[in-house]
Amino acid sequence: MEHPFAITLDSGSSLTNHTGSWRNSRPEYVHRLPPCNNACPAGEDIQGWLADAESGDYEAAWRKLTVHNPLPAVMGRVCYHPCEGACNRKEIDDAVGINSVERFLGDAALAKGWSFPKPAAETGNRVLIVGAGPSGLSAAYHLRRFGHAVTIREAGPLAGGMMRFGIPKYRLPRDVLDCEIGRIVDMGVTIQCNSKVEDIAQDMKAGGFDAAFLAVGAHIARRAYIPAGEAARVLDAVQVLRSMEGENRPLLGRRVVVYGGGNTAIDVARTAKRLGAEEAVIVYRRTREKMPAHDFEIEEALEEGVMMKWLSTIKNVEAGSITVEKMALDAKGFPQPTGEFERLEADSVVLALGQDVDLALLQGVPGLVVEDGVVKVGPNMMTGAPGVFAGGDMVPSERTVTVAVGHGKKAARHIDAWLRGGKYEPAPKHELASYDKLNPWYYGDAPQIVRPMLELARRTSTFEEVVHGLDETNALYEARRCLSCGNCFECDNCYGVCPDNAVNKLGPSKGFEFNYDYCKGCGLCATECPCGAIQMLPEGF
Amino acid sequence: MFEVRIHGRGGQGVVTGAEILSVAAFHDGRNAQAFPSFGSERMGAPVVAFCRICDKIIRSREPIAEPDCLIVQDATLFKVLDLFSGLRPQGYLIVNTNRSFADLHIAEAGLRLPLGHAITVPATEIAQRHIGRPLPNAALLGAFAALTRLVNFESVSRAISEAFSDRVATANIAAAQEAYTLVRLRETAAA
Amino acid sequence: MPKQIEGSRATAEAIALCRPEVICAYPITPQTHIVERLGELVKDGYLANCEFINVESEFAALSVAIGASAAGARAYTATASQGLLFMAEAVYNASGLGLPIVMTLGNRAIGAPINIWNDHSDAMSMRDAGWIQLFAETNQEAVDLHIQSFKLAEELSMPVMVCVDGFILTHAVERVDIPDQAAVDEFLPPYDPIQVLDPKDPISIGAMVGPEAFTEVRYLAHHKQMRALELIPINAGVFKDTFGRDSGGLLRGYRHEDAETLVVAMGSVCGTIKDTIDEMREAGIRIGLVVIVSYRPFPTAALRDMLAAAKDVVVVEKSFAVGLGGQLANDVDTALRNLPDGPNLHSAVAGLGGRPIWRRSLHRLFRQAVAEPWEGTHFLDLNEPVIQREIQRIGKTRRSGPTAESLLRQLGRRGELVAAGEETST
Amino acid sequence: MSEQVPAAQSPEVIQKLKFYQKGTFTVGNRLTGDDGRSVQASLNRSNALTCGHRACQGCGEALGARYALDAAMRATDGNLIAVNATGCLEVFTTPYPETSWQLPWLHSLFGNAAAVATGVAAAMRVKKHPEVRVVAQGGDGGTTDIGFQCLSGMFERNDDVLYICYDNEGYMNTGVQRSSATPPAARTATTPAIGPEPGNVFGTGKSVPRIAVAHRIPYVATATVADLHDLEHKVTHAMSIHGARYIQIDVPCPLGWGASSHDTIRLARLAVESGFYPIFEAEHGKVTAVRKIRRKVPVTEYLRPQRRFAHLFKGEVPDRRIARLQAMCDANIDEYGLIDGRDDGA
């Protein structure tokens, strides 16, 4: 159409006006480190596998999960899930139930019989692993994936270590444990039980191993001197929990006192309840706040009727009773004796004061250093002795299954690199996607699904699993509560809120790109990005 | 050129009267121009309307200052205005009243005109009888036709029938007819 | 077909024959009868496919027409006086956007003091708004100019204002020949816009134009009006061929060929002037008239040719620019500019606010112009004694109060004000 | 958990689904099904207002205009004509020789957009194009002040026009002067923050949406750039109705309000969450729906980031007028019932 001059203009002709020149700061898409991933001792890509779970692809989710951790069904039950503690979602309502989704995936894998792939090629290297606990199994799994031949030697009668002998059945059913160990064995890992390593150097040479990973659990209970009459019945937690696995169960009596404040003390007290004790009393010298045991476990124990006696130490044990002294916290928060005493009826006293590792097998290994009961290792988990690595309870760190699994993975990577004559360099970490980087407005409110609990009555009288799993729908629901902290999930906000249409949408799973020809750098996209995946940077000159 | 000035009050159909008169002249094949004294007069206020009738094309747009005929629809106006202003010596005067010029104190004004050029018509009474409302204009036009012979009565009645709807038209024509006959009878009586 | 009909009704029926598609109506005396009749014609279905919109102001009336026209509809509205001022902003906008709207202006004075009677102040207030302005001499011409205006407006894509004297023409009942539909349809093709709002071919109309292009836009508007100077006579010719009547055009003369004195005027007063001229001719005075039909564009060249030979030119107009004088006189002056020993120009202002223009007054005026010419602007039938008294009064007292009311007090009722005009003429 | 992946119609469908995209928060909102999905998330949105316009960084009006017109374009299948009042929107979109509009667009004057739109709608009727619909748009000045008479006339005649007012609470185009939509205490160029009563006066206020409701026109709504889904729903609904319709959209102006360009949407959100800008719908003279406050905030949270209110926070003691503004918000909350419980976004 012939237009009158100037007063009439052709549609969309302003495209020739590149307003990008107005910009003094530019938006850029970034990836930030989700706090859950950051907090996971096993180094799982939690956000990654949640994203797969969200779209209902559970196998993909499980495979992404098991890249870092071969024991999801176990972890989904016994992990103290620091990921949830770090989860940004708890600032909005409750943390995402990561642990329960992990368990859901683990159980799904067991039900569907998903298995790990065998290595593509064998490297010919042979690695000896001492101890079939979580760190040993984890190391074996990862080394196997690298294609190394792995032999685990386990002193005990069955594989699993503390997972079997330290954690009660009601928290970890044994069939679950057996299946997940079996899946590792199926990769071609050899486990020799009842075969204690007495001299690591000797056995390596004898077996022709190129490297070794020491993963012995802390099975030796610490004792503390308590004056006791001979009729008095004093046991230790390790004994009690291990004997739960055998034929003849420990005789604890009607009134059981547990001495200590860790998770083990809780396990024992709850076990005692299940064995029929009328009273299970935990005696601890500090306050509840100071207790090392996890809060939710203390809660569950209290719900089950376990009693707590804070600020008390056991002074004396006689037949049928004990004497405790009241303590008081001093200015620095340390407990000090008060001189007040009290008698408690007790048929038995179980000491849960911590455990040590049996380091006998390390005798005379050149270069290997032991300090207050644990082995010194470098950042690559290698001891002073070349080719000899160590992890789990043997090295200084928190003693949990998750930490152990993490050590196993980490050690395996370094062992692999060492065997190839190289050095393993972990990828640099992204900036942390902390809560202040998010725009939480965009997240709909959705409380965490509380995992259905066994009603208390049954829980305390049997060893059935206490905490049950999620079904498919609520696992999906739970997974979808993930905020995708620090990583674009294609919500289209940036595409929508740009006043200059300067965001190009590239299509499904391709994300977006900025059109710097028109972007004026107002920063709306960054402010309105729910997950903090856009960053404003000053324009260079 | 014959110029008519019609005086009355708002609501008495003064303007319509001038318009009908012009239409009647149009039907007689003459040129005519009717226009009101342009104002925003409301009901009751004095109103003037004009009508020119001519065989040539009418071009002038000035008001009519020297009418050949004066039609007064409301005799009470004599008290307020100099209605006779500019009335030509040979002109005509038609006053709507049932009283005499003397009663209206305008006798000598009437006498200044040629004999028989000044007449009174009880147009309101006639209108009341036929139309049922005091709308004297049709009757006065009938009288005008009879007095001046400038327009045929047929043209007047046709113009009235075009101005009003059937029933109202018939009534107005009847009123015009009565006034027309009345004036004619008086003439024959006088003659 | 000839009818004895009121000017407004005749105009309305002519507009209906032009098949407008959108009519915007807002009442203001004296144009009301036109839109009332059009409303009737739309409602009774005689004027089909037409949107008759009762708007809430003149500003809206022309604005609705602007929207309709930009969207491709043939749009019409009418106004007068204050109404034109209230729509002033839109008046400029319609021409700036080049929208072929036709508007009737029932010419009326502008207050204060408020005055509903006829003069040309309203048309003059918009003479520079970029519209074509045509003045009708009779109701027949009012009818004919409307029909020509739609054609002209749409050919140029420019709005046209048809100026019809309020009351004098709009309320006068006289003989008018209303053309038949077939002839009008033959003369006036359907509206074919040069640009239109169409989702299939989106454009932006009404952009903001800066110093870099504004002068050119204005120049092109002027160029359009210059084209109108050619088109208007051509259309008048085609009109005559179709309807057998001389009507419109830029300007026309009456007994002007041998005239020593030429009167220049616009609108209905030309009829009275023609009668006056005939009377003076009989007295042997060589006088004639030039009737301006197209005030915008102003036919400068054509007018110069007609006036060049005269000794005296008397401009009679119904408005004036306070502090300067008659606008028409100034425009005529422009036409005479640089004319070697051109005629003497005499400017007279008459008929303001409905003041009757008497033949006798015109006789006096024309004779005086030749015999004893005046300086500046002459006000026809000005009531000198009243003016003198009022000027004195204002001089005496600080708080002199409103002049208009004071004048009315002096003259008693307004009826006598009209009479005052009559006195001076008799 | 009823939501399934909608049948593959548009490419967006196969994008990852996130639980919290349900409800009306992010632009994507992909779990609501293809048709219910936001126009702005669509790859083939019309961009009726396209790139290259000269609006300020973070302009709320540019955003609101694209939101509204794109929604109207989808609702009318592209058969849309826009009429624009003079103002920022007109100036920054169509400076010769470029226009940013990609639909037929007409600018006439400051105060006549409603009437011009009436004319366009009338033309569409006589031209027998019932499918072509008309939107008139203007700022608060062109709507609530100078264009008010034409607007009211258009309402009263119930002309088939959707009038959209982009309310940025002042004459921003001319340099931030006060309009009848400027809130009390706000500083503008004509209500400077000086003297005993700094900023705008506490007048009686003028709610054009409620005046529109008083006309009993078929549809009236307020909306905000902070709630895209609500806005698009309202525009779409409005286009499904014939007759006079009015939507007033809160569009923060970084320049006029003295706020950061990246806070435009945040401020609009706070205006809603504080009760400062009630979001409601009315049909035929009756209020039919209100948008509940999701997480109520004190008015100070809304005022503080805006320099036009800075003078309220200068003194040691909190300015008494803050309490009056809070009272205004509370009155809105009561009047419209803006609070009951929290929205779970599902």
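Just so it is clear, A, B, C and D label the chains in written order, and each chain counts residues from 1 on its own.
Basically, contacts are C-beta pairs under 8 Å (C-beta built on N, C-alpha and C of every residue); 3 or more make two chains touch, one makes a residue touch a chain.
In this text, all values refer to a predicted model and were calculated from it rather than measured experimentally.
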Selected pair, greater C-beta contact count between B-C and A-C: B-C
Centre-most chain, if every chain is reduced to its averaged C-alpha atoms: D
Furthest chain, CA centroid comparison against chain A: B
For chain A paired with chain C, centre-to-centre distance based on mean C-alpha positions, whole Å: 93
Where chain B and chain C are represented by their mean Cα positions, the distance between them in whole Å: 34
Approximate Å spacing (C-alpha centroids) for the pair chain B, chain D: 67
Chain A and chain B, separation of their C-alpha mean positions in angstrom: 115
Multi-chain contact sites of chain A, meaning residues that touch two or more partners: 6, 9-11
In chain D, residues with contacts to at least two other chains: 93-94, 96-97, 99, 101-103
Multi-chain contact sites of chain C, meaning residues that touch two or more partners: 97, 201-207, 209, 213
Touch-based graph of the chains, sorted into line, ring, star, complete or other: other
Contacting chain pairs - touch in the sense defined above: A-C, A-D, B-C, C-D
Chain D - residues contacting chain A, complex: 1, 11-12, 14-23, 25-28, 38, 40-41, 43, 47, 49-55, 57-60, 62-63, 66, 93-94, 96-103, 228, 254, 260-266, 269, 342-346
Chain C residues touching chain A - in the complex, by the definition given at the top: 96-98, 157, 194-195, 201-207, 209, 213-214, 216-217, 220
Chain B - residues contacting chain C, complex: 18-19, 22-23, 26-27, 31-40, 46, 58-63, 65, 81, 85-86
Parts of chain D lying in touch with chain C, wherever the complex brings them together: 78-81, 83-84, 90-91, 93-97, 99, 101-109, 111-112, 115-127, 132, 149-150, 152-153, 156-157
Residues of chain A touching chain C in the complex: 1-11
